[in-house]
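Next come two complexes, and both contain chain A; in the first it sits with chain B, in the second with chain C.
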Partner chain A sequence: MKSKVFPLVLILFFFIIFVIFFKGLKNSNIYTPKTNLEIKVPSFELKSFENNNIISETIFKDDEYYLMNIWASWCIPCREEHEFLMELKKNQKIKLIGFNYKDNFKNAKSFLKDLGNPYDIIVIDEDGTSSIDWGAYGVPESFLIYQNNIIKRFIGPINNDDLLGIQKIIK
Partner chain B sequence: MKFVHIFIITSILFSLNSLKADDVKTENEIAKNLRCLICQGQSVYDSDSEFAISLKLVIKNKIQQGMSEEQIYSFLKIKYGEWILYEPEFNKNTYFLWLLPILMFIVGGAIIFKLFIIRKN
Partner chain C sequence: MASLIGSYSLGFGLFFSVFIIFFSIRNLRNSEVLDKKIVSFTIIQFFFVIISFLGLILSFINSDFSNETVFNHSHTTKPLFYKISGTWGNHEGSLLLWLLVLTLFISIFLVKSNQQPKKYRIFTLLFQQIIIVGFFIFLIKTSSPFNYIFPTPSEGLGLNPILQDPALAIHPPILYLGYVGSSIIFSSALAAMVTSYVTKEWAKHIKRWVLASWFFLTLGIMLGSIWAYYELGWGGFWFWDPVENVSLMPWFALTTLLHCILVLEKKKILRSWAMILSIATFALSMSGTFLVRSGILNSVHTFANDPERGLFILIFLFTLIFLSIFIFIFFYSEKDKIENSFFWLSKETSILVNNWFMMYFLSVVLIGTIYPIFLEVITANKISVGPPFYNKLILPFLIPFLFVMAIGPQLNWVKSDFKDKFYMIIFLIISFLLSALIIKEFNISFLINTILVTSAFFLFFCTLREFFIKRFKNLSQNIAHFGFSLLILSILFNNIFSNEVITNLKIGETFKSEKFTINFENIEQADEKNFKAITGKFNVKYLDGSSDILNPELRIYNQPNIITSEADIKTNLFTDKFITMNYIQNQEYFNVRYQVKPFMIWIWISVILISFGGFLSFFKKKYEI
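For the complex of A and B:
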């Protein structure tokens, strides 16, 4: 009796392990964080493009929508999303804040000159430490802000669906 | 007198140096315990991605501000979630993970005890 139970248990054990690992194969191995979180906007003090000091509290007003977009001239996907940002700029109900990430000032300027400037304010994060406060991963990344809360975040370039989604929220 | 001065200055310099070395050591230790979120299978310490470089800088600044290791971990946990820490926390999702080795150890010990010691008697 004993000799029959043991191999059965062993087979069952390995079968369960096989199923667990086999299922694990299909899991995405790229971590994606929750994107629908209500987090307070982190405060920062950064230089703007016009070389003024900008404090976050003075930018974000309670009754308006803001899209804070992390971008850099060296970032290829940023070029792709730029047309959607330009489209969003036409909407009066939202303000766009550019967050220039680890960029060369000259290159950033010519990037905006070539493709247009959708931003109302641009702040410069020279060493990328401020973006960590936002819980950002890199470029491009965007945060939709209302009443000093991040209500939605977009990791990676904004596409047409995202644009429509934003326009629906701020309607 | 001059000798004393030189001695004091050099000793201060050396002590500063060792403080700095301690900071770098904790800095590296923290970075090794953090998962580089945009890389695959690399710690922040190992990675040279823009994200990891910035994060290392943040850790350095936080240490200089006098934050403890625990405080830095909890700060990053708030910002990026628990996934950034290599060591999973002890909570209801990880009871099984943490307790299984202990359980196996106890059960294994019991089996050995039964097989060898009781049988001998």
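For the complex of A and C:
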């Protein structure tokens, strides 16, 4: 005769596993290593959109927050994140630096004309080499900077959660 | 265009599932022979999936960036080979590959199983169709590979450069053949339970599928491991990374299942084992997919973190698990229990003992992989489970495991005795002396290492003797076991004898140690198709006057912009010399890592031997003693 307890225990056991996995789905990425905490910003010297020479040391002031955003007009996910950048621009406590990556100047201009310009300063990284210094994986990618340190890094487009996260940090 | 065709044929494929299920159920009631239509429909479904898959490959080859998958994972400057392998180097494409293999295997199954009872074949097909429909819906609803983007971008985002490697290009298809092969075993075990067909005949029939999946799974894991060794630049081949573990767990289950099937085929015992393991193997493969694809675990395999996808696989997985529990409880009975007694010294007892050991290893890996997730959910604590955990829990139990593995095949079925087993004692003494001599030379804990190496040598000698005594009898099993002893020996020696130097060097500088000097001679730059290569030239001189020139490389990929480090490895039969260099930000120094790894190549050779054993067995007409 088969015991009735055994099937029940089995089903209960798998049910518990199901519940735990289900909850685990919500806080995913538990194996993400802590990357780039407290890393100095790399220095660069690039042309800006207004054709001025810009040296990194002159932009980043110690007591202010900056979001350095690598973007390009040809990059589709950049369009997605743009509204969040525009939202962030309303906040006075943070400055946005645009890092225009391997882009056509005309296209970049019209991109900003269409969607709005969230950036306080835009520099042009024409051949993409300065982005390598930042250890960037691709476009878009953003770095939150405070006291000349990268305190947080966002690989891929910024979403609503990231936006709320940033607003919380700079409060 | 190609994407459009691909997209439509995917829909048609799903449509045919409805036909297949309808006709199968009708056929189940009406007739005594299998309806020919069902087989044709299954093959047609397979062809639709092939067309869909070819459509995706074509879009990749033509760099059709209006397709979102191609845009996200390809680039015009990528070599053709990696454009093609990019097809399955992403979430959407790899799922399409799953589906392709699923439909391929069920077609082969139907064509090849015409000696089997009709009901059993139809039920296997029905269970397989549940899986196939699940994957179709998953693919179409949450991860369609044929999403259209407008306006068409002029350039794609590129494939992650660390995935641009030959071993890794063929690793997913091979591994999937193993994973998906286990789905056939799963469906057929459920069907066998429903139709009360858990017999010697069933074991004989399913053995080939078990062998085939096992063969591909073994090779697939090895390819992934080779890739990690060459590409990741850590100089190791197994890191107990959660993603590696999820491929190892089905392997344990499948290996155990293989041995159960061999016994079942002989003696009609271990039936419950075979049933549970058939279910477990596939459930473990699926949970591997869940863990890797849902973003719960993070690694190079995590293509996209999308909780919606994770939720779908989770619900699908547990539906299958509960379905199989239901079938196991209500349909499966052990009523015709016969010859269920085990004599303590017999071949089947030794197989049973080692099955328990395998289950233990499986549990260790399972707990090490899953427990951190549980802990995080329940207490919000983060822990990381690393190699020490696995080494401590697995290594000691490897000793009895290896001994049983050496002795078991020497025993007879049913009942055996110690007559003519004198040579074993001699082998044991030789193995012990040999290991003691080797271990004594090194400054490591003597007792455990000696016993470990002894047990591995013991298996080595016992299987070696078999080759001479029994010649071609049981050759496949013997090759596999011999390969396993070789694998354990090479891993142990590799661990014990490895040597590593990490230093920072400028061009022209020399690093000196007791045994060798490393001279960093120069660097060269070259432009390749989709990356820029910086190659260093290192001259390693040894005390005996010999020297090696090693050329590690840094690759700066253009799209996406990633720097990868390519190791240069000098391989010979005894050792691998492994060197990597890394760029240090804003400095003229390079970080150089030089490793001497003995018997590296024997690890790959022994795994190939192991799978070759399985391969031979596949072609064997009948199972000898």
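Assume the second predicted complex is superposed on the first by the 135 of 171 C-alpha atoms of A that agree within 3 Å, B and C clash if a C-alpha of one lies under 4 Å from a C-alpha of the other, contacts with A are read in each partner's own complex, and residues count from 1 in each chain.
One rule holds in what follows: contacts are C-beta pairs under 8 Å (C-beta built on N, C-alpha and C of every residue); 3 or more make two chains touch, one makes a residue touch a chain.
All values derive from a computational prediction rather than experimental measurement.
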item: Partner chain in contact with A:171 - chain B first, chain C second, else both or neither; value: neither
item: Touched partner set for A:128, first chain B, second chain C, both or neither; value: both
item: Touched partner set for A:90, first chain B, second chain C, both or neither; value: neither
item: Chain B versus chain C as contact partner of A:113, first or second or both or neither; value: neither
item: Partner chain in contact with A:138 - chain B first, chain C second, else both or neither; value: both
item: Which superposed partner A:14 touches (first chain B, second chain C, both, neither); value: second
item: Partner with the higher number of touched chain A residues, chain C or chain B; value: C
item: Chain B/chain C common contact set on chain A; value: 29-31, 128, 131-133, 137-138
item: Interfacial residue positions of chain B with respect to chain A in the complex; value: 37-38, 40, 49-51, 53-55, 57-58, 61, 79-81, 83
item: Contact set on chain A toward chain C in their complex; value: 2, 7, 10-11, 14, 18, 20-32, 42, 74, 76, 128, 131-133, 136-138
item: Complex interface listing, chain C residues touching chain A; value: 71, 149, 153-155, 157-158, 242, 290, 294-299, 305, 307, 310-311, 314, 318, 321-322, 325, 329, 333, 372-374, 376-378, 382, 384, 556, 558, 560-563, 585-586
item: Chain B partner contacts - residues on chain A that touch it in the complex; value: 29-31, 33-34, 101-102, 127-129, 131-135, 137-139
